[in-house]
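Below are structures written as structure tokens.
Shared between the two complexes below is subunit A, which pairs with subunit B and subunit C, respectively.
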Partner chain A sequence: METGGKLACSPIIGDYHIITNMVIERCLGYKTMRCPPMTKRTLELGARHSPDMICTPFKLTLGNFIEAAEKGANVFIMPGAGCRLGFYDILQEQILLDMGYNIEMVTLFDYIPGQSRLYKQMREINPALGVEEFNEVFDTVVRITVDMDSLADFMRQNIAFEAQKGQFEKTYNAYIAQAQKVENAQEAKALGEKYTELLHAIPTDKPVRPIRIGIIGEIYVVVEPFSNGHIERWLANNHVEIHRPFDLSRMAVAVFTVAEQIGRSGGYVNYNIGSTANDAIAQAYGMMQNGIDGIIHIKPSACSPEITAMSILQNMSRDFGVPVMYLTFDTETSEAGFHTRLEAFLDMILMKGLV
Partner chain B sequence: MKIGIPRALQYYFYDDLWVAFFDNLGFETVLSPPTNKDIVKKGIANSIDEACFSSKIFIGHVEHLLDKCDLVFIPRIENAAIREEYCTRIFGLYDLAKNTFPQANLLNAEVNYLFRKRESNAFVEIGSILGVGEEVSMEAYKNAFELSQRKKAKKIAKQEQLLGEDGLKVLVFSHAYNTYDAYIGKEIIGYFENNNIKVAYADLIDDKEAQQLAKESYGKRIYWKISAQLIGGLLKYKSQVDGVVLISTFPCGPDSLFNELVIRVTKDKPVLSLIIDELDASAGIQTRLESFTDILEVMGRGERWKLAAN
Partner chain C sequence: MEKAYLGIDIGSISTKGVVINQENEIIADSYLWTSGHPINAVKNVLAEISRKLDTSRYKVVNAGTTGSARKLIGVALGARVVKNEITAHAVGTLAVVPGVRTILEIGGQDSKIILVNNGVVMDYAMNTLCAAGTGSFLSSQAKRLDLELDDFADLALASANPAKIAARCTVFAESDLVHKAQMGYSKADIVAGLCRAIVLNYLNNVGKGKQIKAPVVFQGGVSKNAAVVKEFENELQMPVYVDPNGHLMGALGVAVLCKAEQEESHFELDIADINFETKGIECGNCPNNCEVINVLRNGELLDSWGNKCEQYYNSGMFASSVPR
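Coming up: the complex of A and B.
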């Protein structure tokens, strides 16, 4: 396959671009680049060229693509399936073409995700891709995803209490830097084990009963720190143990288990209400039963499945007496107002005497 | 036994079918009145601020019906076939209503072709909840289904005849629950009709034909049933009309993508995009309708180039 002149990239979603780029390089044979880091400019560019009513991830990923196109990228890889996400590509492609960029858009996971389907899609783009080669890459990225998610999960619960500031982030970033270079699943596994040990060995000074706050909501805004105003960093700086049962590895499993999530929702919801909203409700129910102090539900503006979830969470919050704060993120970046609300929420939890 | 049907959202996709089904079984149905100010007020009061205006209207209709019937019919419909989904607001309607009005008696069955829960199965289930045997329900469903198909075919034929006539014509590209709602689309359509502009509807098209047309143009199948239908309708009727009118409610998920796409790809016809919210700003809408009509009339007289020259 002729790949000369093609430079591919995928949007920034947390640190997951290391995985997507690995798949693109090793399975499709394209050269890849990292989208320029998210800045206010990314947001402004994306918002300027997007329809108003669209959800925020569309604007941010479009901003990523425009900035990458400026740097010469011409193939954009998007995950599909789910809600509006499945159609981002049609419109983003049209917008980028209208802007005068000569690009192509590739959507993986159209409608129903799965390993064999993904292989079929990749074979259409790169007919030379062997099934064993694909499986090797797939196993490697699955290993990395699971490891980075569990490292990040441990980090979130402890970073607020590290004895020496910056240790967790340094170790985690070192893992991310090295994970991009692993050759196969064995290497990935060894690397993951090494860093799990390192991360768990970092000295912390944790009280017996810290404030515990759960974060739930729409997956993109939950996992992409720029889009949520670095809410986790703020909470960690304010000595909160963060529980965030949302990440790519769990989501990949969750797609197939909506029925199971409904079963874990305590009768508050009976059907699939779309996207990751059922997961949000099931996780909220689980955390409330386990005595979480408060929950922050975050979503991009106009995310309709999560709006349905909010009606349900209100009832759950009332029944359990656990406060839930709802935050909607869009294109404004004023942090002061949002920090004031977070402060008030923490104060309220403290005053409730829950801790 | 009185069965209440909220005149909102999914009702507009299934109106004839639902009413005929209950009629065939001999149950009395109470259809909520066309959307009015009071219903809108109730809907807003009982909804999350960020919910779309159409779903707020739906909640208003449900509340209106609560004390006027024994059961409110809110089936949970995820799709009309594999890859013909409704939007996630419609997925969640039953759970939304149940959580908004926990005391309400809702009549519900699930339609979800992913799990082989066909429409006919759902009606049999509804029948059994009401104490009607399977065969009787099935018969009632079949008759109602055929009736609704006949009515739709008649509407499509009538529209095709209208498109053959002379005079200015516009194509309304909007979800049925907005187009035909008294509070949202009716005034807009009334405006065109009062000004001797004929109105055609993008949703009046055979579903299979629409899917096929949409797929040919976009290379992939659009898995939202209504958007695929509208895009198909637009592709089919575009050449026969003088302008396209997009009506959507704020904030609409599917429309936020497809309306933008329609605006970007429809370069040869004027497009008017109206977004309706609960703020009720009819003067602004009126002005925009007037200027759109002016454009249509000028273009219709072949004075397009004269206009450009000025």
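Coming up: the complex of A and C.
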């Protein structure tokens, strides 16, 4: 198969581009690159070339693609599923073509990313891809996904209390850098085990009862720090233990069906309300039962599934007495307003005197 | 000498200052327009306060700031408490009305609701995207109708048949208002309709889904409008209390928080001769182009913030000299 001149890249969604890039490199033989880091320019470019009323993740990922196209990328990888996300790829492809970039769009995971489904998809593009070859890649990326998510989870709950600032991020970033180079699932497993040990060994000075805050909401703004004004970093700087039960491994690898999610939501939702909103309800219910101090629900502007979730969360908040704060993110860059709200949220929890 | 505590609330429209004694009683206060220059406003507020304060009896030992310019003024004054306005308003109101359950607040640009139980804030919400339910909406419509804000309430209260005006959005409300005017509704009916619209907008957008329980305290600039108070009472079917000092609650709140501080600092009310300057520079090292704000006191750098990259969190805003 002719792959010459193809340079692929995935949008920046947390650190997950290392996973998608690995699939593309190893299954299709394309070269890959990382999109230029997110800046105000990414946002401005994306917003300028997007329909105004589209959700924020569309604008940011389009911004990623434009900046990558400027650097020579010509194959773009987009996940597609769920809500309006299912149409992102088609529309973004058309916008980029209209802008004069000669590109192609590959939609990974056009639904729940089952192994055989993904294999079929890769085979369509690269008929020479053998099933064993594919299985090796699949096992490797699953291993990495699960490991990076559990490392990040541990980091989130402890980074606020590290004895020496920067240790957690440094260790985690080292893992991400090396994970991109592993050859197979065994190597990935060994690397994961090594870094789990390293991360757990970082000295912390954690109080017996820190403030615990859960983050739920629309998956993109939850996972991508630029899109949520680095909310986790703000919370960590204010000594909060962060619980974020949302990540790719729990979404895609564990594959909870909508029915399962509804089953775990304590009767607060009885039918599919769309996309990750079912999951948000289930996660909020679980965290409230486990005595979380507060929950922050974040969504991009005009995200209809999460808007539906809000009124359900309101009922849950009243029943459990756990405050829920709602934040909406769009293309604004001023952080003063949302820091004010976060500060007040923490004050409120502290004043209750439970912590 | 008795100890006293200063709280300053620097809002987008007005700047408020109070000095309280050990009993949380207001012993001096000032309320002036910010006029787009918070530092000057604070200088004037402090000048008025030092005129009113019996300095032979009281000594200000701590100062705190709140409101949207809290950080800037906090740095400039060396304030010991720099607190967000939500917490400050809750603490201030609790000092005046200890049994309060619900605090409604409508200011110039923002509005919020705070739910309290047993003296503890349980939940709050603040308006997000839209200014339809705020004071600036009323004042811009008053201008359109060629009315003084002060006449607004009396006129509205005189109406027996308020016009129905869409409450959802400022732009739609405005075209609705024009439509009603062209249909021949009297000014009184239109103004009464506006007061009702602001209440409905607030309850739908800010108070949505929250259980409002009595006693209810209403504050912020719009609480001075008796017609809006009446509409709240009609809509909620419960009495709504407006404290004559309602506009000072944020300042009072930080003053109360100052009192709780362990350490005291020497505090000078007379800052008229000190030159404060803020310089905004665009960093330019990456496309983020962070706007970094430097605050100078008599030419000497006090603090800087606004930088987004890693150093921002290590050396900038969060490690700043302002205690949070």
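Definition applied: the second predicted complex is superposed on the first by the 349 of 355 C-alpha atoms of A that agree within 3 Å, B and C clash if a C-alpha of one lies under 4 Å from a C-alpha of the other, contacts with A are read in each partner's own complex, and residues count from 1 in each chain.
What we mean here is this: a contact is a pair of C-beta atoms (placed from the backbone, for glycine too) under 8 Å apart; a residue touches a chain by one contact, two chains touch by 3 or more.
Please read these numbers as outputs of a predicted model, since none were measured by experiment.
Participant: Hey, is it subunit B or subunit C that touches more of subunit A?
Facilitator: Higher number of touched subunit A residues: B.
Participant: First (subunit B), second (subunit C), both or neither: which does A:Glu197 touch?
Facilitator: In the superposed model, A:Glu197 contacts neither subunit B nor subunit C.
Participant: After the superposition on A, what does A:Val269 contact: first (subunit B), second (subunit C), both or neither?
Facilitator: first
Participant: Applying the touch criterion given at the start, work out whether A:Glu132 contacts subunit B, subunit C, both or neither, answering first, second, both or neither.
Facilitator: A:Glu132 sits against neither subunit B nor subunit C.
Participant: So, A:Thr39: does it touch subunit B (first), subunit C (second), both, or neither?
Facilitator: Once the two structures are laid over each other on A, A:Thr39 reaches subunit C alone.
Participant: Taking the superposition on A as described, I'd like to know which of subunit B and subunit C A:Arg84 touches: first, second, both or neither.
Facilitator: first
Participant: Have a look at where A:Asn237 lands relative to subunit B and subunit C in the superposition and call it first, second, both or neither.
Facilitator: second
Participant: Looking at the overlay, does A:Asp347 come into contact with subunit B only (first), subunit C only (second), both, or neither?
Facilitator: In the superposition, A:Asp347 touches subunit C alone.
Participant: State which residues of subunit A lie in both footprints, the one left by subunit B and the one left by subunit C.
Facilitator: The overlap between the subunit B and subunit C interfaces on subunit A comprises residues 301, 311, 314, 328.
Participant: Within the complex, which stretch of subunit B touches subunit A?
Facilitator: 47-48, 50-52, 76, 78, 83, 87-89, 91-92, 94-96, 98-100, 102, 110, 218, 220, 222-224, 248, 250-261, 264-265, 275
Participant: Give every residue of subunit C touching subunit A within the complex, in rising order.
Facilitator: It comes out as residues 68, 83-87, 120-126, 128-129, 208-209, 211, 286-289, 313-314, 318, 324.
Participant: Touching residues of subunit A toward subunit B in the complex: what are they?
Facilitator: Those in contact with subunit B are residues 50-55, 83-84, 86-88, 90-91, 94-95, 98, 107, 110-111, 268-275, 277, 301-302, 304-305, 307-308, 310-312, 314-315, 328.
Participant: So in the complex, the part of subunit A that touches subunit C is made up of which residues?
Facilitator: So the residues of subunit A touching subunit C come out as 39-42, 165-166, 233, 237, 301, 311, 314, 317-318, 321, 323, 326, 328, 336, 340-341, 343-344, 347-348, 351-353.
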